[in-house]
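Labels run A, B, C and D following the written order; every chain starts at residue 1.
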Amino acid sequence: MSGNTFGNIFKVTSFGESHGEAMGVVIDGMPPNIEVDTNALQQELDRRRPGAFKFATSRNEPDKAIILSGVFQNKTLGTPIAVIIKNTNQKSEDYKEIKSNPRVGHADQTTLDKFGIKDHRGGGRASGRETVSRVIAGYFAGLIIPTIKVHALITQIGELRELNGIDKEVENYLFKLKTEGESAGGEVAVSIKNVPKGLGDPCFDKLKATLSHALLSIGSCMGISFGIGEEFKSKLGSEISTDRENFGGIEGGISNGEEICLKLIFKAPSTVGKNAKEGRHDPCILPRVVPVIESMIKITLCDHYLMQKTLLR
Amino acid sequence: MSGNTFGNIFKVTSFGESHGEAMGVVIDGMPPNIEVDTNALQQELDRRRPGAFKFATSRNEPDKAIILSGVFQNKTLGTPIAVIIKNTNQKSEDYKEIKSNPRVGHADQTTLDKFGIKDHRGGGRASGRETVSRVIAGYFAGLIIPTIKVHALITQIGELRELNGIDKEVENYLFKLKTEGESAGGEVAVSIKNVPKGLGDPCFDKLKATLSHALLSIGSCMGISFGIGEEFKSKLGSEISTDRENFGGIEGGISNGEEICLKLIFKAPSTVGKNAKEGRHDPCILPRVVPVIESMIKITLCDHYLMQKTLLR
Amino acid sequence: MSGNTFGNIFKVTSFGESHGEAMGVVIDGMPPNIEVDTNALQQELDRRRPGAFKFATSRNEPDKAIILSGVFQNKTLGTPIAVIIKNTNQKSEDYKEIKSNPRVGHADQTTLDKFGIKDHRGGGRASGRETVSRVIAGYFAGLIIPTIKVHALITQIGELRELNGIDKEVENYLFKLKTEGESAGGEVAVSIKNVPKGLGDPCFDKLKATLSHALLSIGSCMGISFGIGEEFKSKLGSEISTDRENFGGIEGGISNGEEICLKLIFKAPSTVGKNAKEGRHDPCILPRVVPVIESMIKITLCDHYLMQKTLLR
Amino acid sequence: MSGNTFGNIFKVTSFGESHGEAMGVVIDGMPPNIEVDTNALQQELDRRRPGAFKFATSRNEPDKAIILSGVFQNKTLGTPIAVIIKNTNQKSEDYKEIKSNPRVGHADQTTLDKFGIKDHRGGGRASGRETVSRVIAGYFAGLIIPTIKVHALITQIGELRELNGIDKEVENYLFKLKTEGESAGGEVAVSIKNVPKGLGDPCFDKLKATLSHALLSIGSCMGISFGIGEEFKSKLGSEISTDRENFGGIEGGISNGEEICLKLIFKAPSTVGKNAKEGRHDPCILPRVVPVIESMIKITLCDHYLMQKTLLR
């Protein structure tokens, strides 16, 4: 509940302020003798950076992962894996205005309320930059459950609905938002395939509960629903009980071996107006949040997967 | 992740199968010298039973709480509080059909997938009956944070929308569902007032993340959203950033001292048809789930509240 | 650290005051489909009661284990196992004197210091009676690691040294102590055979560290040493490095597959004088503590054993 | 139980192999707004290095602490504190012989047994070098409980008994051992003063239990005893129950406000013979282990201290 560790067996501990020395993560519980491909790790990190998507924040840091421990000759040792990413581009001038005007819907004021102190140079722990730790951990989690396929798809950004990822129309829309100092929320639909039967627990750690914990811990995520989601509210029992698919791959909190389907609601970033036009802020967090979503899901499933091994003979 | 304990400082451990000897809970981390009112505890338990609401399951067990430890002369001792409720009415004939026909959307099959064994007499751990443990723990959590007011309101049941709780119209609707062997889902809106500033953590244990974990661990809960919820998807930054209220009392994962607002999606119970008409099953889980929702929220806030004490001098 | 749960995967939660309704334990993380023999469980409990050893405390409670959950048709369900033992013989008159004269070396005063309240009718959580919970959990732990053999042997009681368990001479000595209102400490030597290689962790959870935690959590245990123990202080490296046996089966914190050897120091019970002569107190705790020692060791090894499964493919 | 995190509220996560990139630690649960003196931190680290004591290992690394997060303008932020120390002097030739001849009493073989893989360049996680992480964490723990005074004193090294720390005689003895390729064990006596009343828990987390866990997790520590230690074995109840001092400051597992006294047994380092003469190994670990002992005690007490705050109003 100090809140910087996630997981029970595959334990991910995140650290780092956005304008401190470095961001980083320690992964405890990683099984030994698993091959690590540092290029693949770097590619995962690059997915949450600008590049493929050109209107993202211009804070163009290399985000180069430095593995400090737990890997030797490209194999995991079974010891804690520590990885850091240095904060090389710590311009904090953009945050001057924030210091005196805490952003509504952001951690600026509540961090002070909680701790009575804050690194005023940036978002601190609440910065989107913290998510590099999650993407790194997600890479390692993925090595343990390589057959499980997690795919997050942007289905809405602001007024653009029923999207199927990012296309030219979306890029134009985001460009327009950026120039107007505006920002947008949206929706992401997630599909998880090849999940073994039996993951999740019947009581507090139902798979839908731990996935919700994992995904709502992403800064701008404001809601989650499973299976047919909102439709459950008006459907009658006879309408839903004929087809297992309605429940999105989880029954009684435990995976049933079918595709897990869930949807996430995201709010628009809180930085708008002049500050957004000039600062290094995204008009929409969704393009960069996709790998973070996938990582948090892998971390959660991996933890359940390792736990399930303790029940089997 | 064995999944039967919730909380880090205020630790709630739930046990019991619906057709075993007893349901129960152990609460570790309860501060000492707090007055306990066993009548008030019993009233909380009665709220999740039939009575006020007459079409609920006819499994009419007294649900009498027996305090085994942790309380002496009506005061908490600071030691673990254990409370049990005996299962006096363990008719299992109703479940015969279930044994051969696992209910879709229910734990019947997945429990077997996970454990390779199941108490076929009833829902086991996935039974709604398990929630008595949560209501008991919620009562004790409430003693620690008495000024926080948690209120869950049914706003939709099946086709009846914009409800303001249960009235005659709802009762008639539920009666009709019951006689037809039908069931319905719905929506619950939650308001939490007087939450101190500073609860929740900036990283994995954001208040919205732990509340989601707590609430999605309730059997039929299929979704959660905070603040303006679904509206976030299409709203622009400038539309939401002017009013703190849009975010529902949580900013950056930390309570800001204002009212916390969230909504929950519930699915219809999976038991329908002949089995529902004859069995002891509810046409809608919502009336009985209200105190469970409120309890899980109290447990979560209480844990954050005690954690916050460790940061203060 | 609320301190009533031990273990990470095989989680044992103990509850109950000596003069409350009942003592009990919840075991979470028990694998499913393991056969339970309630007679064998009862036999383990009987070992820590008077009987074989006649000068033990005269508080002659039946200590009958009542399984509330987690077992169905004599098989574990994989769900939490809750077991209680009722406190049928709650005479508290013996404790009147204690209320005004807190025993030196006992929790009487420090419990008040900590909690500001105490169930003055008896030892509360610090009572030796709490160890029934440990013996129950030890029984279930033993089912998971049936090939590991744990044997605790009393090697000293007061002035009687180099014992090989309890014989007629010991019984006479204890009888004499009892009549004199006197009490004695002693030593227990433990042998653990057939431990698989690889249990324990290289850092904070070295096997010697977690075993020490487990065993020093027994009320009167005042010291532990591994392998040749005290002799390590004066031996040179060349004298010990030739023979693996000196290290007592643990190297670098990890079991090496050989016999694990450790010794425990116990203090005399704090109740002496008139109070001891008349009260229901043992002149020596060792005869009854043997099954508690064995249980705590099984619990600890079981937890390491289940953890190790998460590392293997 | 992945075993690289210690503590429940003040959570210390250690990482790093002795011949990897860096050693490090993440401390979660550090309260905010506490002043950090990096010079004082460095001094603590220097205490476990050669210098004052000249016959220690010649692996002369600077051990410079680099704070990556959690501290801003010399104040703690309440966020996780990450500190690393680079491994600048990673000569691994000394370990060639070890690769083919695993040291008896060392983790060389058991690490392989456990993980099936090992960084053969050095001691890996079992290296004494890992203890830098503990000393760093101990420094921060000390900031939370500044009035508690922890003092560890070497009282025996090999045949030299009743020592009062290290003097000329000891230095000569160690020099002789070093030249002979020999090593020695010993004893350390610890005094802890000004501990508030009420730390520790009545059940599994008795103060003596958690201190034992903490201290037996130090590589060469083979035993611990509290108060009058070995003497408890032969003393009668009447002999010890008159004087609170016999129990070493802990009664019923809870601190009573008086001086806590304990003794630790250490074995001789396993590296002896030619390898020891030429390699960078200490003839005795005790001089360098003193700050590690003190650190582990501070970490443990700090965790209990923060926990105790959750019980108080």
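We take it that contacts are C-beta pairs under 8 Å (C-beta built on N, C-alpha and C of every residue); 3 or more make two chains touch, one makes a residue touch a chain.
Remember, it's a predicted structure, so these values are computed and weren't measured experimentally.
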Quiz item: In terms of CA centroid distance, which chain is the most far removed from chain D?
Solution: B
Exercise. Go through B-D and A-D and name the pair with more C-beta contacts between its chains.
Key: A-D
Quiz item: Distance-wise, how many Å sit between the C-alpha centres of chain B and chain D, to the nearest whole number?
Solution: 45
Quiz item: If you average the CA atoms of chain C and of chain D, how many Å lie between those two points?
Solution: 27
Practice problem: Express in whole angstrom the distance between the two chain centres, defined as the mean CA positions of chain A and chain D. | Solution: 37
Quiz item: Which residues does chain C have that touch at least 2 chains other than itself?
Solution: 2-5, 8-9, 14, 29, 32-33, 78-79, 114-115, 124-125, 202, 307, 311
Practice problem: Would you pull the chain B residues touching chain A in the complex into a rising list? | Solution: 1-9, 12, 14, 103-111, 113-115, 124-126, 130, 156, 158-159, 161, 177, 182-187, 197-206, 208-217, 219, 221-227, 229-230, 232-244, 246-247, 251-257, 265-273, 276, 303-304, 307-308, 311
Self-check item: chain A residues touching chain D - in the complex, by the definition given at the top
Solution: 2-5, 9, 11, 13-17, 20-24, 26, 28-29, 32-33, 66-70, 72, 75-82, 84, 114-119, 124-125
Quiz item: What does chain B use to touch chain D in their complex?
Solution: 8-9, 29, 31-32, 78-79, 202, 306-307, 309-313
